[in-house]
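Listed below are the structures to be examined.
In what comes next, subunit A is part of two complexes: it sits with subunit B in the first one and with subunit C in the second one.
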Partner chain A sequence: MVRVKFRYLVVNFLYPEPSSKSRTDLPDLVQIHSPTPDAFNAGALVRLIRDAVEDLYGDYGSGMVSSSLKVNYYSPSTSTAIIRCPRDHYEMVWAALTYVTRLPKVDVPVVCRVLRVSGTIRKAEEEVIRRSQNIVKRAKAWEGRGADPMLSSVEKNVEKERKREDVLAAVDQGEESEEMSE
Partner chain B sequence: MFHDLNVPWPGAGADAVRELQRTVAFLDELGYDVVALTHTYSGKLPSELTSPVPNPLSFPVPQRLRVLRRCNIFLTDSASNFRIPQLQQHYDLVAARPTDERTLQQACHSLDVDIISLDLTRRFEKHFKFPMLGAAIARGIKIELCYSQGILSSDPQAKRNLISNATQLIRVTRGRGLIFSSEAKSVLGIRAPSDVINLASVWGLGSERGKDGLTKEPRSVVEHARLKRQSFKGVVDIVYGGEKPVSISKDKQDGKSKAKNQNEKRPGETLESAPARRTEPKQVPKREQKRVKKANLEAAAAAQEAA
Partner chain C sequence: MADASKKRKQTSDSAPRAKRARFPQKPAHNIPTISTRNAYPNGEVNVKNFLKSHENEIKSLEGAMIAAKKGLSRRAFQDVPRELRRRTASHNPNRVPKRLRRRARQEAKEDNTPITRGTSGSGIGKGKKKYLRKEGIEKSKQVWKQREQKKAEEKGSEQTGTEQGTREAFKAVPKPKTKPRFPSLATPATPPSRFRRRQRDKTWLPTHIWHTKRARMTEPKDPLWRFAIPLAPVVKAYRLTHRTAAQRGAIAWDMSYMSTIGLEGVEDSIVGLLRGLRFGAEDAEDPWQRRGKAKKWRQGTRAWEGWLHERDTRPLKRIAHVTVIWCAPEVDGKKRRAFARVHPSAFLQVWNEVVRISKVQKPAVIVEDLRFEVGSIEIMGPAAAETLCSILHPSPSDAAPDAPQSLWSTLASVTDPGVLPAGALLAFDISDPRLRDPPTPSTIHQDPSSLIETLAAWPIDSTQASSSIFSRTARLTGQRTLPSQKSINRRQSANTLGRYPEPRPTDPSIPMLIYVSRESKSWTVLLPWKCVMPVWRGIMRYPVSTGGNPRFGGLKERRQVTFERSVPSFPHDCPATDAGSSWELKQQDVRKHEWTKRPKGKRIEWSTIDLGNGRKGEIGDPWACEWARLLPNAPAEPTAAQDESEKVVTPFRQLSSAQATKLLQDPAIEPEVPYLFTVKIIVVGRGYPVDCSRVYRLPTNNPELRNKWLSLVPGPKSKTNGVPRRQQTRSGDDVSEHLRRRELASSLLEPPAPKDAPTPAEDDYPLVPDEEDLIGFVTTGNYNLAEGMPTAVANLALHRVLCIPGDKAVQKEDRICIVREPGRTVGRLATWEVV
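Showing the complex of A and B:
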């Protein structure tokens, strides 16, 4: 019995440009890796890829790709996803992702970056785990060092925001720190 | 070592600088190592050619990143003078953007630029020819493909033209001497190196060649340009010249040479510049000897006559 051959793409969504709604001036690294808005879910991601492929390759492309397109894993907090696509045409999906500039529905400017192409889902998962471990390690290194310029600039911005609308002052604290550790 | 040799310089306003800082941080995050900020001269060249890009930049640059300065000149008229030697003094890289067949030929065959960068969003009326582009590649000039126009542009015709021109260039040059760069007007036009390599392979360039177009070829451009400016005739460059000797004795020599200068010696014959051999007492030439001898004899004869 021969299996159907797939490729698994590990995709990371990056947000280099702050959306027009937020007024805070985050440091660049935090801004780039900020979490995906909740309104954008796995279903929307599949639709996004299908539309992008159709845009770039027309009916032929979307016919070739859509049969086995699937989102295997999607985490909005780290903006990471694993996408399954047919092995012969994974370059189409990749190129279509390269051409994406905006998330539909939430309307946020985005840059999609393929981190890894893998033949098995296990290796793709390992890559995701390795990445998130790296992030945790980096965050811990900052904590150990004490006063970090980046962290302090985030705190300063949060402080500024709080002064602007002092009603929310008591509630905000937990949320903000959680975002950093991710 | 990934290179992006075309990031437009947005100007010196506060907003523009903030935008540029964001762009540079994003490039660093994506894994680029060398970035060139481009200033474009459109129309006639001004009399003052100094680069508007400050050195160092007005914001902190990530440690790993190397920032170069580059200028683009539009070749609209093949007869005009582009003053490339002056441009080379002020910029690390000089790129030419030909607008028609004749200027493209001029850039390929005779112009002393580092990169030929074509506007791929327009339609060229003639096909590219290998002999012309091959001559440029043989001279060490690379041909640049800017991908961000195809991603950001809202005009579908521009996207189509970019893809068709890119595939044509890849076919004509046989995949040699191509470099990929972004020319991104905003941060969103920049893509990670692996994504660009995939795009190249979709356009018909193998992924190995695509990787060369981001690493090896641009590096050769950068190093070639650097050697042209710094080294002796582009052949010999001093990497480490050793430390200067302690300059105690130099003061003495300076005093001496000054004294010599006062003694109405030519400045070229000072102790420092002349080799050591020359400073020994000079041999009197034979003709001079003869003349002196003759003069002595005459003087003696005159004395005898007078006596």
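Showing the complex of A and C:
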């Protein structure tokens, strides 16, 4: 029997905007990787993807993708998921995820970011572990020194660049927006 | 009316439906996750909960990976390959390892498997007896329950004062320390009470329990040299051992049974002691020179292996093969220390000699028995160096860049210990290997030039500090400060990011010494006795860069490895030493027992063997190598009454290979002392020499028989090389048509080819020579995987080999011999060469 092959997408759900309920001053790292509300579970995720694929690719897309769609791992507390999809049409699922702006039941703005596409679930799990370790390291460093080392180094470099070339164009805030460009 | 069509009742399912699939086709892959409500109680998002939730995620994913790797098990035990299986499967949760018992009980409950308490051996009985005793069993159960209740009550109210009093009474009164006039033999440390009874007349190796689960050990009533030694692993490992030692991987032995004798004194007295015992008298290099390797040895940077001989005997009689290691001289001390490592079979003899000669030295040498204080592990194979480099991590200390600690990690890429200087030695303190568990593969540096420089210059000769393994306090401290496994586990779990725990100042620094032996191509690690187990476990878990883990071996594998190099191993192949001959006696008993326990119809009847020409019966004891028969003035029948004592004094002397080759080239005077020398025997053609096989020379008194034997020798033009042509593979498909025709024509025209050499099946096969042509016996014979043919290591008597009419030296054709297994009537032609 021929083996049906899949691709496993490692997906992160990022929350760039702080929810109105937040009281303490959280580091950006923790804010972005906030946990997902429990109401959005694995089943809701599958439905979300199916609807999005049907939206984008119609009957053909949903026919190709929806039968082999499965959520292997979904952790609401860390907003990470491993999704299985057919090998030849994984881009459809990827595109569908990219176009998701809000979680369906809970109206929270969200960014779905695909970290890795892999052929085996083992490599997907390893990737999740690696990213988690990285996050833990950065968070620990932030805790220890009050500043995220990665972010602060990026900021330092940007400052250096800016000092070198002060011919950078000043960016106006909000003067021109896409809606008004017509 | 009842339904006539359904006369037969529907049989209900005999077995209850299993709640889980018995043989799942695709194991369910379920990774546990934690919901947001549980990870962030009260809905607050703070950094602490964030960290914890991510760490939990890492843990659960790693667990999922491990579970997927092992395959989901069906029961509490797994279906594992043969070499990893520990015990037979069982549905009784009580017969399953302790840590799996709870799980097995749960599974049994889920599946509705009845858990019966075993009744074998109990008085409850089975069947009829049990039925008749039903009421009585109930009553005794009640009585037991009441008794337990009463005991629990009593224990709660009992005073602990009485217990303490008894405990104090049993505390051993420390003996007053008198200056020992005669150094006493050491006793092993008292083992925990549950193992004490089994170690009354033997000692366990530090890794005993690990070995018992994986290897066949010596019988409990029948220990070897008063140690419980693993004989062979449970898994069949003849070829695996050969491949591991020769090609890829590593194989390790727990050699803690090798006895160590500690010498302490002024350098000149120790030198005088060793010289008196004629240490290294037969070596190619003189260990008492003032320069070169001997000087480095006495500085404590090399190990020297040589033979000890008895005092005041001429010619020299060997006692044992020892390795002597000096301690590098301390800065201020005049006292030097040395270790002498010797095989336990010869320990007592060596000990007595050393103690006697130590008293004669002025000033006297202090001799200590360190058998149970210093343990060792021996590792062989191409991956040995990288294993040791990863497991033996030097404890943090500031050391010079040339010191052994710093150069140690660069030696990981060494695959052949022969590239290191002969007898090279490194000594430094290591940290507890359990802190760096699971072991990571050692990094092999890509830059070979620095390694080559190190090997060429060997700066350790000048930077080796005096090793702490020679001092008792350092050994005991290292042993006593070993933390418990629990505390190490706690430290490791506190460290979640996958790195090793930070070293602390309270960590033990274990003294260690490692030396290389060129003749056995192995690394030997000396450690304090109790520290051998953590290092051994680390070694067995190390992931070798070529795949798998290092193997372990038993006594049989150790002998096999030296046999494959055709080197005699002490004491098995050295019958000219007292240790060797007592080993031989023991083996005789073993073989005799093997023979007697077989039924009469299925064993060889020795007395009726027909050796042809009217000779019947096996020469001497068929279970023994009868060295006594080779003595020049031996009686026809060996003296029946041997001493009952274990100690056997052999009249033979052993010749080293250099002396043997010299004497064979040009036989000097007729030696009056019988000499033995070791040879390697290669069988020509077919045949398989076995232990105890008899070795004959070509018949001297029967020229016709002699010619017959010589005709069996394959000539230089023989294409088949002694193997009958039937066995050879037919090649030549690529020879073209016309050439084949030509060959066929020529073969038809030429005279009929001479008959092939006769096989033993035919009557023409030459008979075995007489007993007076017996020159020696085979001590180890087996199929040699390194050579690809059966070979043997044998000992021959010099006077019989030289005793050929005419005073010429032994020529090439006289190196032919005939080998015959005990009990067989057929002899095989073979060649021998001095080893």
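What we mean here is this: the second predicted complex is superposed on the first by the 131 of 182 C-alpha atoms of A that agree within 3 Å, B and C clash if a C-alpha of one lies under 4 Å from a C-alpha of the other, contacts with A are read in each partner's own complex, and residues count from 1 in each chain.
Note that in this section contacts are C-beta pairs under 8 Å (C-beta built on N, C-alpha and C of every residue); 3 or more make two chains touch, one makes a residue touch a chain.
Keep in mind it's a predicted model, so treat the numbers as computed, not measured.
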Clash or fit (per the criteria above) of subunit B with subunit C on subunit A = fit
Request  = Go through the superposed model and pick first if A:Ser77 touches only subunit B, second if only subunit C, both, or neither.
outcome  = second
Ask   = Should A:Gln133 be classified as contacting the first partner (subunit B), the second (subunit C), both, or neither?
value = second
Task = Applying the touch criterion given at the start, work out whether A:Arg122 contacts subunit B, subunit C, both or neither, answering first, second, both or neither.
result = second
Message = In the overlaid three-chain picture, which partner chain does A:Tyr99 touch, first (subunit B) or second (subunit C), both, or neither?
response = first
Message = Touch test for A:Ile32: subunit B only (first), subunit C only (second), both, or neither?
response = first
Message = Residues of subunit A touched by subunit B versus by subunit C: which partner has the larger set?
response = C
Task = Tell me which partner A:Ser68 touches in the superposition: subunit B (first), subunit C (second), both or neither.
result = neither
Remark   = Superposition result for subunit B with subunit C: lowest C-alpha separation, Å, rounded to 18
Request  = Overlap the subunit B and subunit C contact sets on subunit A and report the shared residues.
outcome  = none
Note = Within their complex, subunit A touches subunit C through residues 21-24, 26-27, 30, 33-38, 72-78, 80, 121-122, 125-126, 128-129, 132-133, 135-137, 139-140, 142-143
Key: Residues on subunit B engaged by subunit A in the complex (per definition of touch)   = 21-23, 25-26, 29-30, 150-152, 186-188, 190-192, 194-195, 198-199, 201-202
Query = Contact residues on subunit C for subunit A in the complex?
reply = 29, 31, 33-40, 43-47, 50-51, 53-58, 61-62, 64-65, 68, 496-498
Key: Touching residues (chain side subunit A, partner subunit B) in the complex   = 14, 16-17, 28-29, 31-32, 91-92, 94-95, 97-99, 101, 109-114
